[in-house]
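Some structures are shown below for you to check.
One chain, chain A, links the two complexes that follow: it is found with chain B in the first and with chain C in the second.
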Partner chain A sequence: MVSRLQAFLIRRLLWALPVLALVSVTIFGLIRLVPGDPAIVMLGADAPPEQLAAVRAELGLNEPLPVQYVDYVTDAVQGDLGRSYVTDRAVSASIASRLPTTLFLTFAGFLVSLTIAIPAGLLSATNRGEWLDGVGLGFGLLGVSIPNFWLGILLLLLFGVNLDWLPVAGYVSPLADPIAGIRYLLLPGITLGTAMAAVVTRMLRSELLEELRREYLNAVRMKGTSELRVFAHATKNAFIPVVTVIGMQFGYLLGGSVVIEQVFSIPGMGRLLIDAIGSRDYIMLQGVVLVYTTFFVAVNIVVDGAYFYLNPKLRGEE
Partner chain B sequence: MSDAESRTVDDPDDGSPTPDSPLRRRGRSFAARFRRNNLAMGGLVVTAGFLLIALLAPVLAPYDPTAVDVPARLQGPSLAHPFGTDRYGRDLFSRVLYGARIALQVAVATPLVAGAVGVPIGLVAGYVGGRVDDALMRLMDSIFAFPAILLGLTLVAVFGQSLTNIVAALGIVYIPQFARVTRGSAVSVVEEEHVRVARSLGASHGRILLVHVLPFCLSAILVQATVTAALAIVLESSLSFLGVGVPSPRPSWGSILRVGKGYVDSGEWWYSVFPGVAIVIAVLGFNLLGDGLRDVLDPRTDPNR
Partner chain C sequence: MQGEDTATGRRTFLSAVGGAAAAAMAGCTGGDGTPTEDTDVPSATESASTPEGGPQSGGTLRVGFESELTGLDPHQTESVVSWVVVFNVYETLLTFEEGAPAGRLATDWEIGDDGRTYTFTLTEDARFHPPVDRGMTAEDVVYSFERMNQEAAMGADLSAVESVEATGEYEVTFTLAETFAPFFSFLGRVPWVVVPEEAVEEQGGELGDFQEPVGTGPFRFEAYEPGEQLTLAVFEEYRDEDAPLLDAVEITPIPDADSRVAALRADDVDMVRGVSGSDAGTLRDDDETKLSRQQGTEWGQVHINCSQPPWDEPAVRRAVAHAIDRKAIVEAAVSGYGQAAWQPYAEDSIWHYDLGDSRRTHDPERAREILDEAGNPLEGETLTIKTNSRYGLMETTADLLVAQLSEAGIDAETETLEWATQLSDFVGGNFGAMAFSVPFKIDPDRHYYGFIHPDGAQYNHYGEDQPDAERMYELLERGRSETDEMTRVETYSEFEQLVNKHCPWISVARADGISGLRSNVYGVQPWLLPYTRYWTMWTEE
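Here is the complex of A and B:
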């Protein structure tokens, strides 16, 4: 027998297929929408004819569009994202070498944000209307109003330049050297995580406030349960919708890392993307965007699964 | 008239006869609730200030924002240059003031573009329901499957850098939110009595949507528009920071920061600080206004929160 969670996940996976298909059509279509001959746009009109021909062949521009699309998808599924004519490397190899960096950065941001948001949200809700709540609310509002790249620049100015405590640019893999790796990831992680911390704080506060007003808590109290246990009950339920937001934020962190990599000169996928845009390397561009999006969709599936698992109303009986 | 004004809004449903139409009464109650809401008023003041600065930039700015004065390059804040000067000796205060104009254009145009497409989609999805609803919302979800910055980057990279293209790209990015919010309101409005009455009286679908459904979705759309304005300012400045924003020499806050970042190590802090403060204030204004409007327009929130 398939459990309800499994059935749900299977449905959700099948559901992701059309989304990914649409995404791939969009990326594919956008590159072909570039006004003029893409090969000339990419290389310039005075490029040698044999180079232009090579790019046309790489993009399959001589084939009819549907054939091009099928070729592109067949290759992509097999992990072949084409070859960049700027770096003359396989796109998938370039991405594979940059992906861990971006994932480490994203994860650092994730850790930072939950470390801030969970205590801040709980304290804000339990001290409603008092100064601590004010601090939490203020943080929630400021955090979503400060662009992350500017926060990064401020942190660089303060900790990197004025106090000279932490490195201002670059990256060391935490796997190669854990201490140096963490030193390099600290400022980018804080920068990336703050906005998400603000969103989660706001959300957790309002969900918990709502939950604390519910009738069922009185029933729990009537059993003689301590206030702490009552609070634990409410918190557990308040977290159900928050988990969705946390998961969705993970995807946005992935997007935000593009900018943060630029601020802290971290050689991740974001830099690859920006460089590809700068050099009009559309083959690289479509590969990188496809990988980002696939991660984003995958994260969403995991989040939905977690939501389903946590929510007793959906989980129900076997 | 004075009789109507003296009635407090705390008690809008006191049942006493009034010469006003229900809509006007609701409008006045909205204004009064708005005035008592600190968030909303704070947001309104900041946003109005931002609007004034953007409109009056040519009057307020002491210098031409593009006037180069190389001997005066990279000077710190002084009386002559309150925000210092940039690498070409241009006055940063004037550039920040003019930057408000780009931010304002983005903040106004983006919600309009996103709403113009997203609201009809949401209305139709919520009204028709069933398969059409599913299909439209799936389509919205797949746009939503792109992180905003990534979608913005890709669109601008493909279509080229110009203010129009950036606004179009930002507009596309935020279509799904408008569609979702509108659909959410429309679904519940469609079930209401007045819509059923209109339908049984033979009103056309278009008329029902426009006259009987849309007006009841407006408050949610308004809140969304305010939030989108804030998001759009942040996203435009991020794109400009990455070098794919409004092309120079037009002073966008993000592109000033892009150059200023290069002078962080060498101590020219003013280059990176003041444009960022401007972004934060503008965005904060719209966020405050959005939060305030949400409280004011949502009858369930208690006024003391």
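Here is the complex of A and C:
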């Protein structure tokens, strides 16, 4: 028999299909509404018309839009995302080589934010009104208010240039060289994770404070449970809404990584995206946005699944 | 370039009968820091002090590029950054030294009396890198030119060529269908390089397939991880024993301008391209860094669509030409790393024409008078200046121009577009005026023909109804078909006078190309174009 969780996941996966289909139409249509011509960007202002025409024909830009779309989707479902107008490399290969980088960066941001947020949120809530709480609240406010590109440049100037502790630009895969990889990911991870850390800290603090006031905790205490166990009960419940926020924030981290990749010169998908927009490399742009969307959808499904697990009300009886 | 080749090249050049060779003698921009009209231009520090020991060999140069490479097939890649790599791995027949053509793969040349046949003697010492590992011959040149001339890959530049033939093992002859003066200098264009057929075939054979370069240049291709790093290594068997000095060059894209400068200051790289005027001061004042400056790599203009009202009225264009304060724009846009300019070529170029007192200088009163005399055609009008936020020179030009126009009583506003959109509008003629800039071109034909002549299809905005249009078309035609240098100079002088008179565009500035260097990096040789010769560079340990 299918459990409720399984049924739920299957339903969500099926729902993801029309979402992705809609996204593909939207991307395809929207980027073609933007004025600009990939052939002109590629060849420059002094390209002769015959050369422009040849390139347009070669890129298939002369076909009517619906035909272009059907061609694109037919190839895409077979795993062929086309070839970049600019570099002539397969889009899927370009993305495959950049995706791990972006995921490592996003994961670094995720790790940094939780490392900061969970202790900060817990300490803030348990020391309400004291100086530790003040620090937590202050961080919560600053973290969401500071634009991350600006924070990135400041960190880069301080730790990269003035103190010269960490490299300023570039990327080494942590798989190839763990130490160097971490050195390269540290500053981008902090920059990317700060805003999320701040959001999660604030959220965790307020949820936990609310939970600690709940009456069921008194019932637990009356059973003679230690204060630590009581706290653990409260924390688990406080995490239910926090997990949703963490999941949504993970999606935002993916988006934020576009900017961070630019500031720290990390060759991830964000740079592919920005270059593709600048050069009107439609085919690359479609592929990259589609992959971002897929990840966003996937993360949401995972989060909902986790929510299911944490909240017994949703789980119910089999 | 390499001592002897240059000497031969120059000698041959001076004795060449055919005028086309001379015609190609493009503007000497004084890239090595020749004094210019502007006295308050900040001085560049490069080559201020070379250490006593002289050049040292060995070491790796780490370079930060302003964008990712767009591919490595030399015959099908269009970006400046890719061309820098091509320029160091491959070789063209010609190059330029001190503004004059000099040999690279060619050691000698002869131009037929009819100006249509060009015969080049090739060096016998050029070798292709491994795995091809053999000497280069005339057949390779023929193959390469046939390859680059397919699918209109080089546009109209090669269309004048009727045939390319190997007339000896080390001799190649080009025959043109008609005289085309700029052709000779085009032979120094970066993508017109020689490739070995067997390597191309092995990598797929099609245009665009040749992504693992095998050339004859001073550096050979070693490794490339798209987006991350490209490594060039010294080609030990390069025919010039003194070059290159470096063991390797590592190229990393650092697209963000602030991060690029930070990476240089943190010693993560030894050289960065594309330093903005505002960052240049920081690098110049820091003891650990310095600048290398190449004058006039960009020509900034207010580009005008003379077929769109109110810009079709010459008086409007003349008034704007007087309202604009070029010097203020150069100060603001590139922190003085450039010159106020009334034409693309600097004073020391043969293509520069001295306009004297006739040139339209900053004079808001004169602008008002011109408009009054013409019956105030701008009454109730607001001019729109299109621009973009990607290129500082264009953005600042537009912003300041609007302020300067209001001083002359002209209403104007900017319209800031995304660069690709502006480029599209430019080519499609969808604008009245836009702040624009183009890379420096060696031959004036390349700068002027497309902007004015009706055959330059998409820019044909200077219509026949405009004053002296026929005469300007005629001059441009003569400029490209005439091969005698003096006649060409006279032709373009008259053309410049007409440009100054009718303002089909308004020249604003020549902006410099600035690179940042660690202070232990030496040997940068700025030349006419913004492609660095890494083989002359060295670092002091």
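Definition applied: the second predicted complex is superposed on the first by the 280 of 318 C-alpha atoms of A that agree within 3 Å, B and C clash if a C-alpha of one lies under 4 Å from a C-alpha of the other, contacts with A are read in each partner's own complex, and residues count from 1 in each chain.
The rule is simple: a contact is a pair of C-beta atoms (placed from the backbone, for glycine too) under 8 Å apart; a residue touches a chain by one contact, two chains touch by 3 or more.
Worth saying up front: this structure is predicted, and the values here are computed from it rather than measured.
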Once the structures are superposed on A, label A:Q51 by its partner contacts, choosing first (chain B), second (chain C), both or neither. second
Which partner does A:L103 contact after superposing on A: first (chain B), second (chain C), both, neither? neither
Please work out whether A:R271 is in contact with chain B alone, chain C alone, both, or neither, and reply first, second, both or neither. second
Applying the touch criterion given at the start, work out whether A:T293 contacts chain B, chain C, both or neither, answering first, second, both or neither. first
For A:V243, select first, second, both or neither according to whether it touches chain B, chain C, the two together, or no partner. neither
According to the stated criteria, A:A306 is in contact with first (chain B), second (chain C), both, or neither; which is it? neither
Is A:V168 contacted by the first partner chain B, the second partner chain C, both or neither? both
Using the touch definition from the top, say if A:L157 reaches chain B (first), chain C (second), both or neither. both
Scan A:L186 for contacts with chain B and chain C and give back first, second, both or neither. neither
Pick out the shared contact residues on chain A: the ones touching chain B in one complex and chain C in the other. 34, 153, 156-157, 160-161, 168, 262-263, 274, 278
Touch list for chain A against partner chain B, complex: 18-19, 22-23, 26-27, 30-31, 33-34, 141-142, 144-150, 153-154, 156-157, 160-161, 168, 251-252, 254-256, 258-259, 262-263, 273-274, 277-278, 285, 289, 292-293, 296-297, 300
So in the complex, the part of chain A that touches chain C is made up of which residues? 34-37, 40-52, 54, 58, 86-89, 94, 97-98, 153, 156-157, 160-161, 164, 167-171, 262-265, 267, 271-272, 274-275, 278-280
Given the complex with chain A, which residues does chain C contribute to the contact? 64, 67-68, 70-71, 76, 78, 151-153, 155-156, 208, 225-228, 252-256, 258-260, 262-263, 265-269, 390, 417-421, 423-427, 436, 438, 446, 450, 457-458
Listed in rising order, chain B residues that touch chain A in their complex are 138-139, 141-142, 145-150, 153-155, 157-159, 230, 234, 237-238, 241-244, 254, 257, 260-261, 264-265, 267, 269, 272-273, 276, 279-280, 283-284, 287-288, 291
